[in-house]
Amino acid sequence: MNFVRDLVFQGAQMLLVLLLSPLLTGFVRKVKARLLRRRGPPLLQPYRDLVRLMRKEVVLAESASWLFRVIPYIVFAGTWVAASLVPTFRGGLLFSWSADLIAIIALLGSARFFLALAGLDVGTSFGGIGSSREVMIASLAEPAMLMIVFTLALIAGATQLSTMAAYMASGAEGLRVSLGLAVIALIMVAIAENARIPIDNPTTHLELTMVHEAMVLEYSGRHLALIDLSSEIKLLLYVSLITCLFTPWGIAVPDADVQALVAGVVSYLGKLAACGVLLAVFETAIAKMRVFRVPAFLGAALMLSLLATLLLFVSGSL
Amino acid sequence: MRGNLTFDVAHLLAGSLVLVSFMQLYQDRLYALLNIYALHALVLAASVAWQAFVQDAPHLYVTAAIALIFKAIVIPVALHRIIVRLGIHREIETVVGVGPTMLLGMGLVALSMVVMLRVTVQADPLAREDLAFALSVVLLGLLMMVTRRNAVSQVVGFMSLENGLVLAATGAKGMPLVVEISVAFSVLIAFIVIGIFLFRIRERFDTVDVQALDRFRGERR
Amino acid sequence: MTADALTGVLLIPILAAAIFAMLPGYRITARLNVVASLLTFLTAVCLFVVEPRSGAYLLVDDLNKVFVVLTTFVGFTTSVFSASYIDHEIEIGRLTPAFVRFYHAMYQTLMFAMNLALIANNIGLMWVAIEMATLTTVLMVGIYRTHEALEAAWKYFILGSVGIALALFGTILIYMAARPVIGEGLYAMVWTVLITRAAEFDPALLNVAFVFLLLGYGTKVGLAPLHAWLPDAHAEGPTPISAVLSGLLLNVALYALLRFKMLLALNPAAIAPGPLMVTMGLISCVFAAFMLYRRRDIKRMFAYSSIEHMGIIVFAFGMGGALANFAGLLHMTMHSLTKSAIFFAVGHIAQVKGTQKIADMGGLTVTNPVLGWGLVLGVVAIAGLPPLGIFMSEFLVVSSTFARQPWLAAILVLGILVALGGLFLRLNTIAFGEVRGPVQRSDASYVPMFLHFAIVFAAGIYMPPALVLGFENVAKLLG
Amino acid sequence: MTAYFLYGVGALFALAPIAVVLAASRAASGIVYIACLLITAVLTALAATYLFGRPVGSAIILPLGLPWLGAHFRIDPLSAFFLIVVNLGGAAASLFALGYGRHEKTPQRVLPFYPAYLAAMNLVVSSDDAFSFLVAWEFMSLTSWALVIAHHKDSDNVRAGYIYLLMASFGTLALLLAFGLLAGSDGHYAFEAIRTAHPSAGLAALVLILTVVGAGSKAGIVPLHAWLPLAHPAAPSHVSALMSGVMTKVAVYGFARIAFDLLGPPDWWWSILVLALGGVTATMGVLYALMQHDLKRLLAYHTVENIGIIFIGLGLALAFKAHSMAFAAALALTAALFHVLNHSVFKSLLFFGAGAVLNATGERDMEHLGGLIHRMPQTAFVFLIGCVAISALPPLNGFVSEWLTFQAILLSPQLPAWGLKFLVPAVGALLALSAALAAACFVKAFGMSFLGRARTPAAANAEETDGNSLAAMYFLAALCLIAGILPGLFIDALAPVSQALVGTGMPHQSGLAWLTIVPVVESRSSYNGLLVFVFVTMSGSIAAFAIHRLASDRIRRGPAWDCGYPDPSPATQYTASSFAQPIRRVYGTSIFHAREVAEMPPPGATSPARLTVELRDLIWDSLYAPIATFVGFATDRLNILQFLTIRRYLTLVFAALVLLLLVLAI
């Protein structure tokens, strides 16, 4: 009985992240536009874009291989599975144990690996630019991310996301310097991973500044739709991750009643909105940096996270 | 009394041999060197003869005779003729100056004394003193070989080294094979002298001319 | 019977030498040379069968049995190699039949002298025999009568003569030390007597004696810095002589050194001979290892390798102890076999390429696979790589030393490694890479070479218990 | 049990002379490789039955080797595991070589050494005394040296072989010294005796350092790795696979055998050495790899990286063992050993792929490849699997072992030693960095070789490789997947090994629901490769199905878009070095002193602009070059002694005499 219930919630979670992610992107865009005193696209514009792209035919470069056509599905599947394992409104996900936080990050890494390959597949110069910059950024972001995981895992005594979230929610830890450093580092990494300003500009099409967009330049139609959807899911994933780890309030416990569940959903949506606004404000307030200043940015994140780990030994009872 | 006398005479002769070795080191002309060598051989012959007399070992007279005839007369004369034939009767090139060489020689003699006088007294004192002098002569001969550039003077060095050996061998009472050894060494020296003559080794032991050394089997850098 | 075997080891070579000096045909003497060497070898093997008896002049014990058998065996295989080598030399006119006659006579004389040195019970006789062997090889080194050959022979002669003189002085000193204890006359030079009374000798005299013997015989062993004659003599003489020099004569001199080392070790007041030998061994090993790098003449290179290995062997004996002595003995045997086999290969290679310059040979494994791979095998063996015998002895030397004297073992290891680098650096150009130099087939006999390699290979994997027992006895004897 | 192995080894050795005899004939290659395949397959099966069955040690003493010792052989769980690694790799390589070896121009330089090489590796892991171990060890180096210089006409190969042999001998001599210390001056060389002799702390430390140097130089620990990227690529590809995938593992075995088994209880600080070296090796290896554009050399550098990862695991295991944290030690050791297996599988696979490419195009330089996915789709597919596996991406096997290593790292705060508390997280960061860089590197490797457009006619006209080679690669690719999604089986198989080395195994995994692996407790961490694989496959398929059904499945081919400026010349593609440029700028400026020199012709000049990249290998420059310089200097100086006059030689004799007499006098 419990199993069926958990299965239902797991399915609901999967659908939720799939359905909610374009909305988050649309929301951020809207807020950004309003901040710039533009009217901006409608909130539901990302959904429309996706549907339209899916219906269009694919224009495939002559030199594209089979891999090029498979990759969007792999990227989408990897991202989606990863996102469905991050607690959103209710903890204790059924399949939480199939992959811990490290595995989730690695799943995202797989997606990026294939996307970078896609950038090289057609054999154009822009694809190469995108891929090579992407892997450079990833080479710094991933260790930083893992060090953050390290810090959190040491605090929570687990890398299992459900356990970690539950521990954080229990409030047993209180405020710690390490946590503060970790959250800053995590936000920095999240910005880099999601190709946001100041690392990358999701809306740019100015050739020499593109990273993510350059990589997927040759995609069109349903393939592009999947890749866009994947990026949107990824944004949602990171927001969920940050909120469930650092603001775990309101997440329903596994055997919660309906009321708690509703509270969970509402608080989750609230957190999403808050994060979206913060992101938009941040992006509006800052300029994109040169590609070769990115290492300094991410290096700082890496150092912060390493510092967070080491400070644990100094300040804590570990 | 007789023991004292034998000791004194042997000591005197052996000491003279060392002295003559020093005289050799001092020479800087080939002819003079050969003459001194003849003297060296002569002293050796006397010393060996005295040992033969003292030890009652008649076979040692053979060794003395070899020293006298072969080393004191034949070899010097042969070398003399070689020098004339090859036209190398000039001054001896020394690597180190005569003064330092003499000092080195002194050091060597001191060294051999120190080394040999550690030998316990229970060993025959005659042998002990004799050995110290023989060692000195050997070392001085070797010193001569390494401080002279001229082939003939190097041969002379080798021969005086060998004289030291004979001195040691005859001083060792009752040692078998002494005569045979002195004969063998004489043959060896004869070979060397013939070699010098055959290979026209003028300047050094090493080679006829310097250019050949540079061609030397491609090993030259 | 024993006396027969003993005298046979001496008589066969000296008679053969006399006969060869008179026989005119060089082909027949070459064959007879093989036969005589084989006979000597078989006679030497008989020494094992029958319990030997020692006299005032001749001696057979566990130590020299090993040496004699090794010497006669390598002498035999070298004579086989020599036959095909000399054929070729006459074909190309480098040697005339008259010289070949002289060569064979000298060959047997050399065998005689070495055997005599090994079984002599009298230190004076031993000295005489070793000097005889030296002078014989001087003559053979100069046999090509080229400028370089004569020069090498001359160098060998002069340095050898000084060595002779020093060794004699040492021998006299030993006699002087023994005389007050044993009494005047022959018995003060008889080894078996000396060894029983060594503890009573005057230690100071023994010390000085050992210094002279170490330098005198060390010159023959080729220890640095007394080695100078060795590379040139190896390089300029006929290759069979290089093989005999490296494989045997060095051993014989080493044997003499070992005898005196045993003598000194028995006298507690005398200096320990070990440290001196260890020092000289290490210097030789490291020095020769570095000298390998700039070599351009293939035979000279392997001559330096002989110095290196003699250094290792002297080191091992200097260290002493059952394990190190065993290792030294094994190493000496393996080195004799391997190095002579290498010289067999090198001789054929030099004949194929018409030169000894390494720069003029290349890609040998392509043009002459058997020779080329033979050389590779030889270098692998001599560099101390498994599964060949030298690996085992080096293993024992190094591992047994390291626990006792870590720094010495470390230096030794350094020498071994540097030598390996030098050998393979040259091997690479000789055996591999582009083909250089003339390409022609070699119709030489490879049997001696591969026979040696087979023994070395077998010994690296499996040593017959009897052999081990024999070596162990000797190792105990050496103390 | 052990006897069967020795029969197998004997059969392999017997193949060598047969190969010499046969070498001239056409069938030789087939016969030799089939025989090797059969023997190694049987040996793999034997070792596997041993490991999965009830392991009991069985020793055999042959009257070979050191006379009074004999040759000891024994199979225990550790050696059984490594026997599996060796023979599995050997079987795969033999299968691959059945096809690949046909293209060999000089089979007589490969065939005799190949079986001997396999046999030697088998012997190393099954020998039970120091002498047999070292004989087999050095013989392994020797045979592989012969294989490295199989193509000796290329002087680079000969040079690579030379450096390789020198370094190998250096390592062997270091091990020899280590064993010398362990055995003592009386020569107790049998492992049995060594185990019972407990060396003092200082001695044990020296042994450990010597072992790290000896085994590490063979495994490719930085800075002793210099030979590896030269030698591994020089050999024929199936041998490269064996050298990289298997022989480095034999070196790991050597380290594990001495450090965990023979040396007794470890000191905690040993692990600092091993961990630090491991971390540096992992990072440096992958950074080096990123700078390469020779495909095989890139793979070789990745071996260095993975060896670093393995040593991180071993170092952790040492640390935990020193503090008697047996479960954590078991986890770390299992992680390391599992990575040993994984790396041997995917590295062999990748080298096979590189070999197939080399055969098809004659090129190893990625700048001359490209677009091979169109010409060699199957090779591309399996190579891609290898790339994903080595980049430690789920759901393949590379990820599992790195994940386990991370789990072990996460247990490190429980260690009491402060040095370790701080070092381990830093090493963890290095491990993460190397994993991320590895992914970058394999994007480059796969992307440049297989994707894009062909850069040369050779690449454009490549043909798919033969069936045998493909079979070998598919086999290994399947293994990558199986080990990735069913890691529990492998972890359980490793339990007896860690039981033997650190006293306990990891918790039993196969009984767990859904085949999950749980290193410590489930609430702490768990991973289920199978489910992840199924989820990803399912969601991908559902998405594809849904989109194709509900939306559109139409495709039109057209020229590439490329922001509107497509250029038909393949030269406009990104090259390997331009791909690496951002990373080179980030890491290379300090580590490699990387410099880019741009030559711009003045306006009007017709010469092309050039961009050259200069890299310096600082490790080579600061460690190896000085040694070479020193040897050169010393030989030059000493060589003067060859050209002295006789008088000067006599002076030497004289000096020696006087010196010795002085010694006596004083």
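Some observations on this one:
The letters A, B, C and D name the chains in turn, as written, and every chain counts its residues from 1.
FYI, a residue touches a chain if its C-beta (ideal position, glycine included) is under 8 Å from a C-beta of that chain, and two chains touch if they have at least 3 such contacts.
Keep in mind it's a predicted model, so treat the numbers as computed, not measured.
Listed by label, the chains that touch subunit C and also subunit D are B. When each chain is reduced to the average of its Cα atoms, B sits farthest from subunit D.
For the criterion of most C-beta pairs in contact, the winning chain pair is A-D. The distance from the centre of subunit B to the centre of subunit D, each centre being the mean of the chain's C-alpha atoms, comes to 68 Å. Centroids of subunit A and subunit C (each the mean of its C-alpha atoms) stand 78 Å apart.
Separation between the centroids of subunit A and subunit D, computed from CA atoms only, is 35 Å. Mean C-alpha position of subunit A lies 98 Å from that of subunit B. Chain contacts: subunit B has residues 115, 118, 142, 145, 205-206, 216, 219, 221 touching two or more partner chains. Residue positions of subunit D with contacts to 2 or more other chains are 639, 642, 646, 650, 653, 657, 661, 664. Under the contact definition stated at the top, not a single residue of subunit A touches 2 or more other chains. Touching chain pairs in this entry, ordered by label, are A-D, B-C, B-D, C-D. Note for the complex: subunit D touches subunit B at residues 639, 642-643, 645-648, 650-651, 653-654, 657-658, 661-662, 664-665.
By the touch criterion stated above, subunit B contacts subunit C in their complex at residues 115-116, 118-120, 122-124, 127, 131, 134-135, 138, 142, 145, 158, 161-162, 164-165, 168-169, 172-177, 180-181, 184-185, 188, 191-192, 195, 199, 201, 205-208, 212, 216-219, 221. Note for the complex: subunit A touches subunit D at residues 51, 54-67, 69, 73-74, 76-78, 80-81, 95, 97-100, 102-103, 106-107, 109-110, 112-113, 116-117, 119-129, 131-133, 135-136, 138-143, 145-147, 150, 153-154, 157-160, 163, 207, 217-218, 220-222, 225-226, 291-292, 295, 302, 306, 309-310, 312-313, 318. Of all residues in subunit D, only 370-371, 373-374, 377, 380, 384, 388, 391-394, 399, 403, 406-407, 409-410, 413, 418, 421-422, 425-426, 428-429, 432-433, 435-437, 439-440, 442-444, 446-448, 451-453, 514, 516, 522-528, 531-532, 535-541, 543-544, 547, 550-552, 554-563, 566-567, 570, 572-574, 578-583, 585-586 touch subunit A in the complex they form.
The part of subunit B that touches subunit D in the complex is made up of residues 95, 108, 111-112, 114-115, 118, 139, 142-143, 145-146, 148-149, 154, 204-206, 213, 216, 219-221.
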